[in-house]
Every structure is written in structure tokens, then in C-alpha cells.
Amino acid sequence: MAEERKKIDLEPYGANTTKRLTIKEAEEILFVPFPVLDHGFVRLIDYMGSDERVVQAARVSYGRGTKKVSEDAGLIRFLKRHEHTTPSEKPHTEWHIKTPLFVAREWYRHRTAQYASFNEYSLRYSEPEEDYYVPSHDFIGFQDSSNRQGRIKINVPEELKDFTRNEIIENSEQSLKRYKALIEINIAREIARDVLPVNFYTTFYWTMDLHNMFHFLQLRMAPNALEEFRAYAGTVGNIVKKIFPVSYQAFEDFVLNAEKFSRLELKVIKHMFAGENPENIYERAGLRGRELREFKGKLEKIMALEMVS
Amino acid sequence: MAEERKKIDLEPYGANTTKRLTIKEAEEILFVPFPVLDHGFVRLIDYMGSDERVVQAARVSYGRGTKKVSEDAGLIRFLKRHEHTTPSEKPHTEWHIKTPLFVAREWYRHRTAQYASFNEYSLRYSEPEEDYYVPSHDFIGFQDSSNRQGRIKINVPEELKDFTRNEIIENSEQSLKRYKALIEINIAREIARDVLPVNFYTTFYWTMDLHNMFHFLQLRMAPNALEEFRAYAGTVGNIVKKIFPVSYQAFEDFVLNAEKFSRLELKVIKHMFAGENPENIYERAGLRGRELREFKGKLEKIMALEMVS
Amino acid sequence: MAEERKKIDLEPYGANTTKRLTIKEAEEILFVPFPVLDHGFVRLIDYMGSDERVVQAARVSYGRGTKKVSEDAGLIRFLKRHEHTTPSEKPHTEWHIKTPLFVAREWYRHRTAQYASFNEYSLRYSEPEEDYYVPSHDFIGFQDSSNRQGRIKINVPEELKDFTRNEIIENSEQSLKRYKALIEINIAREIARDVLPVNFYTTFYWTMDLHNMFHFLQLRMAPNALEEFRAYAGTVGNIVKKIFPVSYQAFEDFVLNAEKFSRLELKVIKHMFAGENPENIYERAGLRGRELREFKGKLEKIMALEMVS
Amino acid sequence: MAEERKKIDLEPYGANTTKRLTIKEAEEILFVPFPVLDHGFVRLIDYMGSDERVVQAARVSYGRGTKKVSEDAGLIRFLKRHEHTTPSEKPHTEWHIKTPLFVAREWYRHRTAQYASFNEYSLRYSEPEEDYYVPSHDFIGFQDSSNRQGRIKINVPEELKDFTRNEIIENSEQSLKRYKALIEINIAREIARDVLPVNFYTTFYWTMDLHNMFHFLQLRMAPNALEEFRAYAGTVGNIVKKIFPVSYQAFEDFVLNAEKFSRLELKVIKHMFAGENPENIYERAGLRGRELREFKGKLEKIMALEMVS
């Protein structure tokens, strides 16, 4: 299967000359695989546009003559704050990605994006690479009882972690053995794969525009996202930050690190500005249950911010 | 051209029996045109799903057994707060709409939605209805000098309003006369329409899912949206409110009447909780220019809220 | 897990009165599950529009006064022949579907549609139903050596079929046992599912407009589509045929049973009209390899047609 | 307004070095405006991917080791023949376009594409360029009575052409004069533009992937497309042909110059292979009206093909 692997092993193109917009930071990492999880990776294989393209696209509508760098950054920040999204649909990136099947599945399923194009390795055409995902000790946790879709990683005895890893490894090996036994007697690959568990790796190409990329990062870098997926989103996010620095900074300021308050929460904030203790207001204001817990979480985040000196 | 008009004059279907989800409030207004601007209208001609469908779709993923109405509302509010959008992609509405060309154009152009389907009256096939839009006195304003895409409606002398209306009426009448002169000598409709100005009316069908509907309403009900477009969005919004009351309430609480604060603004809020005057912090915090003006606007909105009694 | 299953068990709504377009044939099968494979099903749970809506949407653009049923059918056929697709984006259907994971995955992945909305049972939130797919004897085949993504079902000894089924059953049971062992010690569901193979069943809701539905059916009813997927597409296709009979007939005539010929093939056909044996032309015409084999396949299909009497 | 125009006047970037896929033919025409109609243009301003990228994306799924150029072309032709479209979603092109408003409107409206991103010059922010479209003599025709959406350009007296052009010119000049009069008294631009007819020019950026580009070209290069739009599509098509030569050739062979026959038409063809005169079959076969006329049109196209020598 080593040979199978080679066929998607893209090589960088030699130094070509182009009149296109070029990003120095992107050129440095083009085609370099960034490892994720035990056998996965993420790598940028092409791009079109840059922060500057976002500005050009905005100016065709909002038309301003000035061109200083500081004004460009201001314009990008304005667009992000006011959710004027079409200019950031212009830059595109193309990726080569290797993930466990269960991550790939979520990657496609939730249509995190209005726009996204995929091409994936097919288990109908080809045998799988023999890589499968085994969570490392620090990824293993108990079922979270309050957040029904989460894990809690405190007080998990080492032997339970070993047991979990062992079950997953044995399960993977046995499945692989069965797969090979079926291939051996020439059963069709598209039937044999029925025995493969969802922790086997797959690879795919992925094309995204910058606007939808930020939407993807917002959802998949979030604390409640699947931890294995977050590992990929974090790696992709770091690359995006490097090559679209101004847009990424605006994303951090106005999306990632921003907080939204409902009308009811804004009322409580008004009382707090007047020096009241919020605990005395919640009940009267009708803020309770999950909404109340979430509001307290936001207050805690504010209280943890550094003061302006 | 009266005959042309008739062909899109849909009639309500008699009382049919169905096993589908049915919304009493929607049935009452189905096919009723709600007037907008001088000759336009909006009317609902079909729908699929309801608030209950959003809950069902969420439960297939998040699976909870309870079914009390209060819990359904809580679930819809949770989805909206956390931007879990796929369940609200389930309900669909179908509309028949008549607007000036310049509104129709924006309706399509900004792709306010990931999903939307349109069918429009064609000026290649048919002659236009003879209706054109003339802004009423209270829609006419001067160019806004700070907001480059807006109008300011204070201190506009009545005679300037009359002049404006007159220019638009004469322009429309002359264009229509030329259009008819070209049709008279049998010039192709698709060429003759070159003389028609963008204030002529057109009609189209429009299909939307509920998730993208809210995104549309958020953008088009906003104070900086084109005033003529806002008139349509407001009318559509009222109908949506009537037939998806729980989802609409969540939209009002967590989107329309909510405010988002950047990391920098959150810091200022922390100082304000501590009793400081924000005016003393802006400069140190680096909040300036347009971002500062917008923050002050948000504070004003908070200060205008009624206190919890 | 029986209780989990119940929560998506939608019941038909009692007889409601509506002014909406209603399809008698759809009402008869609404909420009825049609079985597919060993544990799967497909059922229609809602719809909006009908063949008549396609005609209305077309008439808003192409405006013709006449309304006879025969002319409606003619208009729908015209639209299909000329790929005027927007009118058929108007009708929508909503489905509840249960398939093996590997089918669900392809259902989402290939984005067979411009438009489609999904909501799926989540293995992060809930434990799986214990159903898994085991191919019946007549689904099992050897690897096809010419079509690299297919199976060949001739001369497969019964004992190999039994062996295959047995491997898949044992693999599924062992995986399920491990899954339960991990759940037993309270490992998070989103980790425990790593051991589940892709032949386990999942359920989801699926919304489609009629235009994209036909594109989906074209791809998934095709002879080279995955056989398990074809089983679902066939069942969905039968329901669509029943409730959109005119549109479906046009789809059959102008898409499913139609053939397309390249410029080169059209030249060969011209020679055949002149009475020449095509075998004498292929080489001169440069028709060779896979393209030649496919052309011969099309000729065979023509020769198999019944003559007009 | 000359100054307004400048702000979208993109300049080519100097010679940069890149590791990305580069297309020599694209580099030669990057940023060069190709004139269309009297004041319009089309120009390519960026691109990502090439024919080679289509092959790579296909190989990730269909995985074959060989890499000869002839096999690459064969693979691209195979993909096009069998409508495997996702690999051609990988290459992207970015354009800068200037068209009359009525062309721009159709460009957006028909959503010729699953994917397309636009940014347009806004008449709310800025005054229009003073360019308007006047059809040249050879674009002017009478209303077509059989094709209700077309023009017929035979026997149109020169004086009627002059009259038409004159009406359009006078109409444009009067509208422009009124526009300026309203701007003069400082009426908001977004109101003043109500007087502008749809033959005024606008400019926009447009991003497309290659798959949807071909769908766009198929619809807009067709003989029944609006003639002014066809002028743009033809110019875009020529550029696409130059920079994606293999994909374009496959598009020509299997889409543009191909013909599709319905099941009924295939039966008639079978009779023709047997030497029968088709005229004797139509009635018995039930081929009549518009479908019959279209079939005869296809036969004529076949008969006009050169014989294979």
C-alpha cells in the first residue's frame, strides 16, 4: 500500500515567475505537512488572493481612493465588524488533509460552509492506508454528564486509559486482518471495507474561500468542538493567521474573543454599570437556567481580562 | 398589459385535507398580498414545516425525550444562541413579491443567503407592467456625508421633494413613451427595455429556508439597509414572526436586540463595572475613530433600556 | 437503546385543512417507511409544491396564458429538455432516512446537489442503535478488475459468500462488544465510537428541492453507483415518480433513457445513416480505447430498443 | 467621475517568484482588458490551479500511478464524459468585468452556478461612470414571433436602426441630465439613481471555479442566450480555452458540440440505421410539435458535419 500512498504525494513546483498576488509567508510553507494527531497532517498546496485582495474587492463597492496600509487594515476591520462578507469570499486556499474517518465525516457533514469543495481518497477504488487513530492518554476522558456531547478528562485512572487504547488498537488490528482476509479471496474492496472502523485514516483535498474559512474556524476551534477536530482546526488556523494576518487579527478581535449579549443580559449590564450586584437582579429579570449559567460564564471571562494600564 | 398581470395571479387552493404539519396563522394569510411602497407587495404562497419541525430536526441529533412546549422553546433558544443552524434549515417558505428593479437587483445580488431560489418576470419575454416607483415625500433625503451610502431626511424643503418626485415621474413617463415607440415599430422587447429605468417594478417568486431567512432579515431590517428594501424586509419579518413565533422570538432576543463587544470593548466594560468613567479609558485602551464611535453607540443603546423593576 | 429509537419516531399529523397545494398520492404515503437493505428505510415526512408549482414558476418568466393540462406537461418537458432548471427548484421534499454509515457518508460527501440540508443522529450525543448492515448473498461479488470501483457477481461460490457475511457479522459483534465495554467504564461516547465499523446504521433528515433531486437520482440510480446506495436511490425515485408524475416522466425521457453523442460519434452516426458499417470508420475517425467501448455500448442500447410499429 | 474609475484600476504585480502551479498562457494575459460591446471589458486578474490540478484531484479518489500527458488528457475527457464534476471544482479564476446593468442583472440572477462570488460597484456609494450601452447596428432586430424571447435581425431598415439607437441615446442623456440635476441639489445618490436606465454600465469582480465556469459557458454561449451576454461569454470562453486547453477541449467535444437524444428519438435513429426515411416514422412514433422541430434541427446539424475521410 506504500505505492498507493505515493500517488497523492504532491511535490512543490520549482520557482516560477508570476504576476499574481503572492504571499511571502505562504510560499515558505507551501507543500509542507504539519502533523496532527498520531498519523494525520494538514498542508497548504495552493492559494489565490491575500488580505490585499479583500481590500480591492471592498473598494469596488465602497470606493475610497486612499491606499495607506493603516487604512487597509481599518477597512478589513470595518468589514468584519459589520459582517460585510463578500469581499472575503475572494481569497481561496487549497489544502491536502489526512484525518480519521470520523473527523472527515464531520468535516463534510456539518457543511460548516456555504462553500467548500472536496475530493477524497476512495475505498471503492483503493485499499486503505493501514494507519488508524488511537487517542493518546491526554485525549481520553469520561462521558460528560452535563454536556451530553463531551468528555471530561479529570481523574481518569491510567489503567482505564490503557484499557481504552488497547481496545481500540485490538479492534483496529482485527478489522484490518478481516479486511485483508476478504481482499485475499478477492471480495470487492467496496464490500470488504464494511469491516473498517471509523478511526481509520483517509486523505482529501479541500478548497475554501476566506470568508467561509473563518466560519469553519469559529465552529471548529470552539471549546465544545470535537477535540480531535479541534486539533486540525487549530493547525489550519495557525497557517491562516500567518498568511492573512490582518484578516485573522480582525477575526480574533471581533469574533473569537468577542462576546454577544442578549437584550436581557444588556439590561443586567446596565444595572451593573450603576453599581448593583447582578445576583440581585437575575431573578427579577427572569434570567435563569442554562441562559443564566452562560451569562455568568461571560462575566467570568470579562473579569479574567487584564485591566488597561 | 393588464392581461400579462393576470397570468401570475395565483389563487388560493380550496380547503384540502393534509397529514402535513400545518400552521393556523399561516393558513389565515396564505395568498393575501401585503402592500409595500407605492405599487409593490409581498405575499406568502406556500410553506413547509414550523417551529415544531426545528425541534424535531434538533432532536434527531441531540436526542432528548421530553416534549413539553416550554422545553421546545428552550431548545430553539439554545440553538439560536449557539448558532446551531442546520435544524432551522428545515422549514421553507415560498413567496410572491413585487418590487422596483433596483430592490430586486439587490435582493439577488448580495446573496444574503446560502440558499435561495428565484423565478422572475422576464422583460425578454413580456412587456413590463406600467408601474414605476416614485418615492413618497417621507422617503426623500439629502446625501449623507458621513455614511457614504445613506440619506439624511432632515430639513429637506418641500419644493426639493416635489422637484425630485417630478424628475422621477417625468423620467419614467418619457422612458415608457420611448419603450412603446420602439415596441410600436416591432423592435425586440429585449432591446426596447434598454430605455427602462431601475425604478420600474418587477415580480418574482422566492423560496427560502428559515435559517437563511433570519440572516436575510438581520441584514435587510438593519438601520443602514436601503430604506426601500427595509420596507420589504419589515413586511416579510412580520409574517415570519406570525408563523414561526418561537424561532422569531429567539431571533429578536439573541440577534436583533443583542450586542456584540470586541475584546477591547469588554475590557472597557470591566473598568465600567469597577465604577470608572469610560471616557478616561478610551485613549489608554487604544479605542478610537470609527470603532470608538460605534462603541459609544452601543453604550447609548444600553442606557436607553428600561431598568428591571 | 429502544428508547433512543423512539425519539425520532415521527407520527403523522391528523387530518388538517390547508389552502396549500396538496398532492393526493403524497398524502397516501406520508410517514410510511419503505424498507431498504436489511435494517434501513426511507420515508417522506413533508413536501411543498407539485408539478403544478413548476409550471407556475416557469410562467412567471415565460408567461403564457393557456392552462390546459396537456400544455402544462408540454411546458415541463420543454424545461427539462432545455435545462431551464430554476422552476423545478421550487418544490421541496423532506425525508427521514436510515442507512449504513458508509452510505450516509457518500450521501453527504459527493454533494450530489447544489442544495441539500441534513440533520443526523449524533454518536457524540447518543449511543448507536445496534443495527448493522450485512450484505445479503445477492449483494456479494468479487473485485471487478476492469472497473476499479465495482463488484462482479458471477461465479461467487456460496461458501465465500457465507465467509464474507460471517466476517462482517463477527466484526460487527466484536466491535459492539468493545463499544459496550468502553461505555460500561464510562468512557465518553465520542471516544468509544472509534471502534464502530462503517456498516453500522445511522438516521438522518434530508431536505431536497426537485431540481437537485433529479440530479441526485441521475447519479445514484446509475449502473455504476454503489449498489447499496442504488437501493436507496431506487426507493426514493419510486416515491418521486408517484408524487411528481409529469416531471418524472420528463426526467425519464430526456435524462435517464436519453443518450448523448460527442461530435466524433455524431460523425460516425452520419456515416451509419448513409448505410456504412461503423467498424470501418472507427479507426479513420480516431475513435478508440474507452471512448470506443462506450460508443459501442450506446449502439447496443439503441439496437435493443423496440421498433416503432 | 474619472477619479472614481481609477480606484478599481488594478495594476499587474511585478514578477514574483512562486512555488504554486503556474500557467504560462494565463500569465501573458493577466490584467489585460478584452473589450466587449461599446464600453465593456473582461479581464482575468487571478487564477489558482490548472488542467494538472484537475488530474491531481481526480487521482486522489481514482488513484492511478501513471503520469503521461496523454493519460492526463484521457482522464480529463473521462471525467467530463461521465460528469464527475468535483475535480474540476478545484481550479478557480478571478475576473474584473464591466457590463450594462441589464447584463449584470442576468449574470447574478440566473445563478448559473452552484458557486460564484461577486463584488460590484455600488450606486449607493458612488456616482455612476457616464458610460451607457447603445446597441450597434448589427445588434438591432425585430421581435421574434416564434421564439418569444428573441430578436430577428433580417430586413430591419437602416432608418429603424438609427431611430432605435437615437431613442436609446436620447433616453440615456436625458436620464443622466436628470441624475446630475438631483445630485446638484444634493439628493442622496441612492435616490437619484432611480432615474438611470438599465443600459448604464457597472463593474464587478467575479470568482468562479472551473466546473461552474463550464456550466456558465454552456448556458451563455448558447444560440438562444441574450446576444449582449453572449458577447461576454464568448470572450470569457476564449480566455478559458487558452489557459485550460485540455478541459476546454473536453467541454467542446462532450458538451458544446454534443447532441442528446431522447428515448423516442433514439428509436427513430434505429429505424434510420435500417435505411428508413424518418419522415415515415414521426407520426407513428408520436414525435410531434416542438419536439419534432428540435429533432429535425439535430438531424440537420449531423448532416452538416464533414464526413470522415
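To keep things simple, chains are lettered A, B, C and D as they appear, and every chain counts its residues starting from 1.
Note that in this section a residue touches a chain if its C-beta (ideal position, glycine included) is under 8 Å from a C-beta of that chain, and two chains touch if they have at least 3 such contacts.
Nothing here was measured: the structure is a model prediction, and the numbers come from that model.
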Inset, instruction - Going by C-alpha centroids, which chain is farthest from subunit C? Tell me that one. - result: B
Inset, instruction - Give, as an integer number of Å, the spacing between the C-alpha centres of subunit B and subunit A. - result: 32
Inset, instruction - Calculate how many whole Å lie between the centre of subunit B and the centre of subunit C, each centre taken as the average of the chain's C-alpha atoms. - result: 36
Legend entry - Two or more partner chains touched - positions in subunit A: 62, 86, 111, 118, 120, 122, 125, 148-149
Inset, instruction - Between the chains shown, work out who touches whom and classify the graph as line, ring, star, complete or other. - result: complete
Legend entry - For the subunit D and subunit A complex, residues of the former touching the latter: 3-4, 6-8, 10, 12-22, 27, 30-31, 46-49, 53, 56-65, 86-87, 89-90, 92, 94, 115, 117-122, 125-126, 203-205, 207, 209
Inset, instruction - Would you pull the subunit D residues touching subunit C in the complex into a rising list? - result: 62, 74, 77-78, 81, 83, 86, 110-111, 114, 148-149, 219, 252-254, 257-264, 266-273, 275, 281, 284-285, 289-291, 294, 301-303, 305-309
Legend entry - Residue ranges of subunit A in contact with subunit C within the complex: 100-102, 105, 108-109, 111, 118, 120, 122, 124-125, 133, 135, 139-144, 148-152, 160, 163-164, 167-168, 170-171, 174-175, 178, 181-183, 185-191, 193-199, 226
